[in-house]
């Protein structure tokens, strides 16, 4: 049976590690927050005093961290601390599930390759609900060998697993998708409001566009206009779901990639500006479908 | 059996009228172009010397004209000419299938109502292929009575028939949809190119986004990146399909509606600017998915 | 001495007419609002019961009205009422100072020309302060003859008088200018905020950009960042000045022109979207430099 | 008399160093390109085999390099090479005139401060013509002491010298200015074209807007419409001036800063997208006012 070191036990990492434990896998966890560690050891995890200690003898190392700098520091280390790359065996598969910039993923991947170790970026989507239910989507960047070997653990935590390309490709594919999602959300919001302003019922308009050439994921699953769909954030005061602040983060990563490759993304850049304005007006912790409110006429309320 | 007067026998109107004839309906046609008339009389249509002549005793009048001014002029008339509203009976149902501004539709509808005549706007989508195959989508604006009565003829020409609301609502719903479509097309194009610029295979990226939260009609049916899908304009030199010039027209109508209702549509307005630039660079007769070329790196070719 | 009929005595028209009176010109006024009329007759104006009555024997007719439909109706009349064009003499010069769409100006101008009467559009800028002080800017569209003859009255009310071209050109030039102004205001606001967010003093940054290639009218006269300049709306809670709602109106006119000429104005269209959002959030009566607040970080307050 | 080490002798650095020599200052130069070095030694410069060799005993070190990575590497060094900070004396003033990201400037500045050495960022504007004429603009970031001491050399090379704030502030102020410049250029271009499309003479419209609230640097000095002004790139086939590729670089730096500070710059981001598209269509080496061509109607040519 595979052994896994799981590093980073936050809102996403915690339930992901728990699912591995439930599947009978031996999981050694590490997090700076002792309460997060205790929650997992209560469920049967082993714990280690350091990330390197957790990783030393594992078949798989899985990391789930907030940003690129954390990922780089934990894998490569610094002047004072060893990195995971210094301690793991050649047969260990390293899987970083954080959503970070592709460049950092490639730096870590190149360093791993120098040491003869397989590294894969595998950012997720599906949110905390998907993490708990084991229905996450993983978008992977790495070799065919790494991708094949990763199935053992990823299938326990997720329902959809894609292979986007070499190391870094998982991150790129994820931010391309999320940039497009932001464009769908803004475009759908302004289209619905244009209809409303001209006397249309948003439910009727949504039904028409959903099965026409305007059809898109937000109309299917996540209508931003209040009371068109049940059980979506827009019908619950824009609570829950995927926060504006997180969309701002992902749009920042997409713009960082666009700068690096000298690409033009006018819609994605505009969506970022609108989301930043929205966050700066105090709505950062609302669901990202609340961008609809930027178009609604507050004067009429 | 119903009798229909069909006025406007262009690329769309011609095959629509032909389908009515094939269904055994008595169709009297009118067009300023004698060749267009001859093509229909060859298929069994009657013809009239004037629009009013065609319409006088018909159960249904169907118009398919280029722009709002033509619609207003033919229905209401002017100093020198009678309009259709002056000659048709109270039981005639007037159906305008042109894509025009909602305001003109409402002006004509109000004038018809004054005369006690039912008028409905029913703009179509589906292109010339859909017109020929009888699989058009109709988006209707009018009373419940008009909508019910229209089924007799619309079901012969179309596969999907929606009721968007009162007179003018068909036009609004159509332009909301087409504005959203333009946003999907531009957003998908720039997302795919961002992926390509960062080393991803556009087929792989399309497959991932199609089933993720970036999923939308263009990824399903009309991928703008050459050679990702077969039998779409992008894989045939952007020939055929829905012309850039027509998208510019529809985006103009959406912006006209946004001005009238004081609505904000930043994505739709940006899409219009990009499409106008594209048309002005000489690409007006290419398919609208050719906007992808605005993002591709021509220097690398 | 010239005689003037002045029609439309609102916030702008009132003080403009008063300046003509002060210059010794015989002014006959008309407005639907009796209080506005009384304010002028108190200053020495004659009054008439109808616009046509005021205009019948005047050398100059000056109109200052809210929108194109009022201008068209008062000059051309309708089924029930005569228009000014029906009553004025061939030697009368008609000057419309309203800010309206160029198309309406051209329709009225063409109708006037049919009757052998000179018509000129001469929209103003300079606000109520400029109207009171007689320092308005007039941007004129009309023949050389009309332009020359208009000097007699325009120089009394204004300090800068431009000849933009034929009838309608005054409106076009004004909306081109005001569209550009909105772009300067938004661009300057976001540039200053970007500096502030990165630790710069907005006064220092403004001083540098003002004399560099970023220099523009807003940095010279109308800095949008509070407390950089004295005596501008941004330093007085964005009170006074040129209202957001009026900028939205002018940006609507510029987009209407762009639709009519099939032009692409991505920055102007984006500025309109941002200003509409701002107005819809309840800020329509603030000065238009308050768009700065869309970029400031409200969370930090 | 002051001694200067000048490192980086490209199109800008070469003539800047030459002006120092002409002023009687002892200048020791370094560049990887021997021809660039020879051109300066012919004019009286000393040369050194390494950057550190040139800098070791200088009162001032001036660097003019392409990008942040070069600046960081030459000042801080790496595993194999010493950096300038390792060899210069405590009294040496380090002045980096490159246009780079503020973050790198701050990293180098902090490292210099650790070593007790003054560092200042002083990016320039004015182009190669300004470099040759000694009329550059310097926008400085550094301490008051550094700023005062720098006058000795900066006044020889430039005509306008600004103090934007602490280390990094020079870079921020420059990119804020250049981002705003790009917005002025695009906004002016689309406004002029809107006027042209509606029948206005661009010279007349430019004259009106220049002295109205649309007034800005591009109308004063650098009109983008061909044949409105003499001796500007737009009247010379968009040759010379400031290349599109360099504007793309500066807009990239502004967006990098906006990402770092979580700022929203919708106009600047849109300008970047339009400039990237323009460059990708093969116009990267034209003057940046050629963005006007994106709005002109190529079909009418």
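Per-chain numbering from 1; labels A, B, C and D assigned in written order.
To be clear about the criterion, contacts are C-beta pairs under 8 Å (C-beta built on N, C-alpha and C of every residue); 3 or more make two chains touch, one makes a residue touch a chain.
To keep track of the chains, here are their UniProt names: A, B, C, D = 3-hydroxyisobutyrate dehydrogenase.
Note that the structure is a prediction, hence the values are computed from the model and not measured.
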Check: Looking at the contacts, which chains touch chain B and chain D alike?
Finding: A, C
Check: Among the chains, which one keeps its Cα centre farthest from the Cα centre of chain D?
Finding: B
Next item on the list: Please compute the C-alpha centroid of chain B, do the same for chain C, then give the distance between them in whole Å.
Entry: 38
Next item on the list: Could you please state the distance in Å, as a whole number, between where the Cα atoms of chain A are centred and where those of chain C are centred?
Entry: 51
Next item on the list: Note the residues in chain A that touch 2 or more other chains, in rising order.
Entry: 262-266, 270, 274, 277, 279-280, 294-295
Check: Which bits of chain A are touching chain D when the two form their complex?
Finding: 248, 252, 255-256, 259, 262-266, 269-270, 272-274, 276-277, 279-280
Checklist line | Touching residues (chain side chain D, partner chain C) in the complex | finding: 102, 125, 137, 139, 160, 162-166, 168-169, 172-173, 176-181, 183-184, 186-188, 190-195, 197-201, 204-205, 207-209, 211-217, 220-222, 254, 257-258, 260-268, 270-271, 274, 294-295
Note to self: Can you tell me which positions in chain D touch chain B when the two form their complex?
What the structure shows: 270, 277, 279-282, 284, 294-299
